[in-house]
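Sharing a structure below in structure tokens format, with a few things to ask.
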Amino acid sequence: METFVEQLLNGLTLGLMYASVAVGQALIFGVARLINFAHGDLFMVGAYVFFVAYSVLGLPYPVAICVSAVVMFGFGGLFERVIVRPILDRPWHVHLVATLGASIILISAFTLMWGSTAKQVPTSYSATILQVAGFRVSLQRIIVVVVTLLSFLALHLFLQKTKTGKAMKAMSQNREACAVVGVDVRRLSTLTFAISCGLLGLAASLVSPLFTISPTMGMGLTFKAFAAVIMGGFGQVNGAIYGAIILGVTEALTAGYISSAYTDAMAFAMMILVLLLRPQGLLGRGKVGI
Amino acid sequence: MADEARILEINDLFSGYGEIEVLKGVSLEIENGEIASIIGANGAGKSTLLKTVFGLVKASHGSVVFDGQDIANKRPTDILRLGLSYVPQGRCNFPAMSVNDNLEMGAYIRTDKEVKADIESMFERFPILEARKEVMAGNMSGGEQQILEMAMALLLHPKLIMIDEPSLGLAPQLVELVFKAIQRINADGTTTVMVEQNAKKALSVSDHGIVLVLGQIGFEGTGEEIANNEEVRRHYLGG
Amino acid sequence: MALLDVRGLTKKFLGLTAVDNVDITIETGELVSLIGPNGSGKTTLFNCVTGFLEADAGHVHYRDRDITKRAPYEIALLGLSRTFQQARIYRRLSVVENLLMGIQQHQGESILERVLLTRKVRRLEQEATERAEELMDFVGLTHLRDQPAGNLSYGQYKLLIFATALMPDPDLLLLDEPAAAINPTMINRMKEHMVDLNRAGKTIFFIEHNMEVVMDICERIIVLDAGRKIAEGPPDSIRNNERCMEAYFGR
Amino acid sequence: MTSARNLWIPAALSVALLMVLIGLPLVIENRYLVHILIMTGVYCALALSYDLVVGHVGLLSLAHPTFFGVGAYAAAILSTRVASPFLVNLVVAGFVAAGLASVVSFPFLRLAGASFAIGTLGFALIIQLVANNEVWLTGGTDCTIGVARPRLTLGPWIDWRVSSVSDYYYLMLIILLLVVVLCWRLTTSRVGRTFISIREDEILAMASGVNLLKYKTFAFVVGAFIAGSVGAYYAHYSTLACPEALSSYMTIALLIMLFVGGVGRMRGVVLGAIMFTFVPEFLRIAPTLRMVIYGVLLLLAIRYMPEGLDGVVTKWWRKLPLARTLASSGENNQKAG
């Protein structure tokens, strides 16, 4: 029983990490109709920004989190301007190849800068073990769950309540109508990248103390997040979060009870299953042309 | 300052898609306060004309002067700000958002505090929408959606509204409803330009009729003149 | 027995009935047109007949064969050729290549034969090229043989689409607005081509908005309104049908 | 009609090129350089088979190196466990890869565009896991080692023991020629035309009678067969099969070759493969930095050369006076014929 609850919590933290990548991918797909194959690598960049802020510069943990989120917000906007904007009007396979190219640049550049060996960034909270209702829980995990969920709530409120947020939702429903009511599609696309990368910076600084970070960590994340996005229905932000949490928990339980070698295979199998049973995804409506 | 009476002047306008030229030198004047109908066969360039004026299709030659300013090849956002709204053909709303949210999106470029009150006044103007306030736009009938789209455009208090095929795919009673709404809008002081397949119906409510033939103006006159023109009748009104 | 027999065809989109219980019969050798206002379900009907959409109810028979649930390519191989309203064409390929694309597996050779380029395939290829030249000549595009289709004028475009649909030598030709958006001279040429083909024994069923074309060349007209068939008959009877004129042109 | 004169020129050029390729190892003393030539050949063959799927049918598979790796493992396992001869391994590896491709094509080819790409990426990741974890089968990270050197015998006439680098070079040249001929046949025949119709407009292709699923599966499986056989050659050349053969870097490398060279154009793809393997050897840049440069090149190519290097070269070629004379003589012939 105890291990089960522990695995469940592990799965939840893992799922939230995937969700932070998946939410960005879903948002970007909805607004820009672009499939970003570098999104996991952007998470990696966020993790290294946090590493520099926290371990190299020695900033206090909350400050390092903010630094990472803000730097990534800017980096996301820059990424859109430099890599995405010039090819936004081209077909999807060009998007895919270009973002894969960006992915390889990020991976190799970070390997050059920081080496390919994995790094650990433990915080004082990682070692703090709390007793909650009879279970031993690492404080860091509780921080991850609470803060990430709060960030998702903030995103949800932003999409529901603000004009810009509504415009982002509107873009995924009818792009022509957006142009007709005067939405500046390009500005919105830049902002979407900035926001989703800001979220990545936040999530990366929360999760990094629990796992190791390395330049090649992104590709697997990209794929897992895609699996989550597909499972949730393309472009559906909430669906992506559910998909990611399901993936995380399944993986943790597979690792705990079956074999730790094939956790990735589990994610893949789940995605294929969902695609075969419900091609439009868990929350998807009708057909998606992509 | 431009001629007070003319709100829109199009001069020798050319445009098209890639290598296919659709408009081949259209010149046209719209008077302030009138209802103008553009009719013509499929592919004559009616929709393209509206899209070019609104900046969605690039004009390769010619000028479009709206309210004294050249708006050719300006961005839709800027054209909207000058007071020219556009309701495209087919469904152009946000199907998974409520009617209320759709109206808010209609007022997207407005930053003033009056938006809420204006939305309320739209509900008064079109009671059919008030009853559906919280309904998803996609779940409404075609006629209701068409009225919603016109209401979205009207929230910007445009001087000129361009409507592409308002009666497209609507049952006869709904067509009646939509045309009544258009006449109300015009009576409230908004110059109206519409493109219609339902030519007889459109001309019957229009002050100004324009027949587009293969990207050029074929005939022009008052609504009545056009409706009674022998040649137009034979080609576009079915005798 | 009729060449094409549509019985009780119904298609709904999100609760909206686009085609509502429509019956249509086309006999061999006929030249029939389908008219109706925008959104009355004409193209949807075509899509259901050719397998691009699955009908919610009803049956489609072609030469006594039930093709209701068949895939589009199977229906095409049975000898039913269609064009698209959006004037679909391979823009980056040349005129002659476009025509050759029209013949895919109509002559029934296998992939292996096609790869090995057997004598049979070479003969078929020769025939296809000859046919392409013939059709280019027929619609008058021979001088544009090696031009990319994207460079053609819209009227030439339409003629090419029409010719491509003829490549597999179909028994039934479904044309979606063949004369739309082209100039009067081109319209006349298109009309002549359709009449010539019909005289040569091809059955043609087409959607058209241009009433002149329809009234001039058709023996029979079918009128759709809001998904229902509201009238059917020779041009004169349609012209004098109050309900049709109202549906099409308003009061 | 293509005139005889127009055919002569490319035919003569091809023969000349072949002579040069045959003569190369006789002239080149440096064995490392010959090794690079072999790798160029491997990449050319792989890129050509990948282009069949990506460039001609328009299926953006991200699992092509997986079939290469699976072929390498199949040959390595066969050679080390049952000591089967090279030619058998070559064919069996092709069939193993093709079999795997036909199994995964069943769920994947029903997915549209991007979902297909993501699905194949997932499949690639799984096969990597298997290679790393199923030590009993693959040797895990220690690789399957000790693959025999090929020996080709044909009755009493031929007994070719492939051992020197130039032997391997000629073996590669033969395989590459076969691949070029197969790809050329496929893309210029009626099948190739069907592929292109699918790439250009699926709906139009369906309307003219193309069974999309059948042709997509065919291209995907044939591509996998070639990749698997090339993998078998690679295993026999390097005498081992390692998980690196399956890595995602290979996918990116292939995409770079295709998109920089000219996707959907055989000449362009070959050009891309040569650029990718041969040129950097002279530049002597650290592999990681090379990847950064490649990434930047890929982005620039996509943005500024939508038709790849081949498109640029063709444009230049058409401007040359020589090309103009050739073209006009061709036209004259056409008019006469």
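As written, the chain order gives the labels A, B, C and D, with residue 1 at the start of each chain.
Rule of thumb we're sticking to: contacts are C-beta pairs under 8 Å (C-beta built on N, C-alpha and C of every residue); 3 or more make two chains touch, one makes a residue touch a chain.
Keep in mind the model is a prediction, meaning the values are calculated, not measured.
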Path length in steps (a step moves to a chain that is touched) from chain B to chain C: 1
Which of A-B and A-D has more C-beta contact pairs: A-D
Remotest chain, chain B as reference, centres from CA atoms: D
Distance from chain C to chain A - Cα centre to Cα centre, in angstrom: 48
Chain A and chain D, separation of their C-alpha mean positions in angstrom: 34
Intercentroid distance (Cα basis), chain B paired with chain A, Å: 43
Chain C and chain D, separation of their C-alpha mean positions in angstrom: 41
Per-residue multi-chain contacts in chain A, two or more chains: none
Graph class of chain-chain contacts, one of line, ring, star, complete, other: ring
Pairs of chains, among all present, that meet the touch criterion: A-B, A-D, B-C, C-D
Residues of chain C defined as touching chain B within the complex: 14, 16, 37-39, 150-151, 153-154, 177, 180-183, 209-212, 226, 239, 245, 248-251
Sites on chain A touched by chain D in the complex: 35, 83, 86-87, 90, 92-94, 96-98, 100-105, 107-109, 111-112, 219-220, 223, 226-227, 230, 261-262, 264-265, 267-268, 271-272, 275-276, 279, 288-290
Chain B residues touching chain A - in the complex, by the definition given at the top: 54, 56, 75-77, 80-81, 86-88, 91-97, 101, 104-109, 152
Interfacial residue positions of chain D with respect to chain C in the complex: 185-186, 189-191, 193-194, 196-197, 200-201, 203-212, 214-215, 218
Contact footprint of chain B on chain A as seen in their complex: 163, 166-167, 169-170, 173-174, 176-184, 285
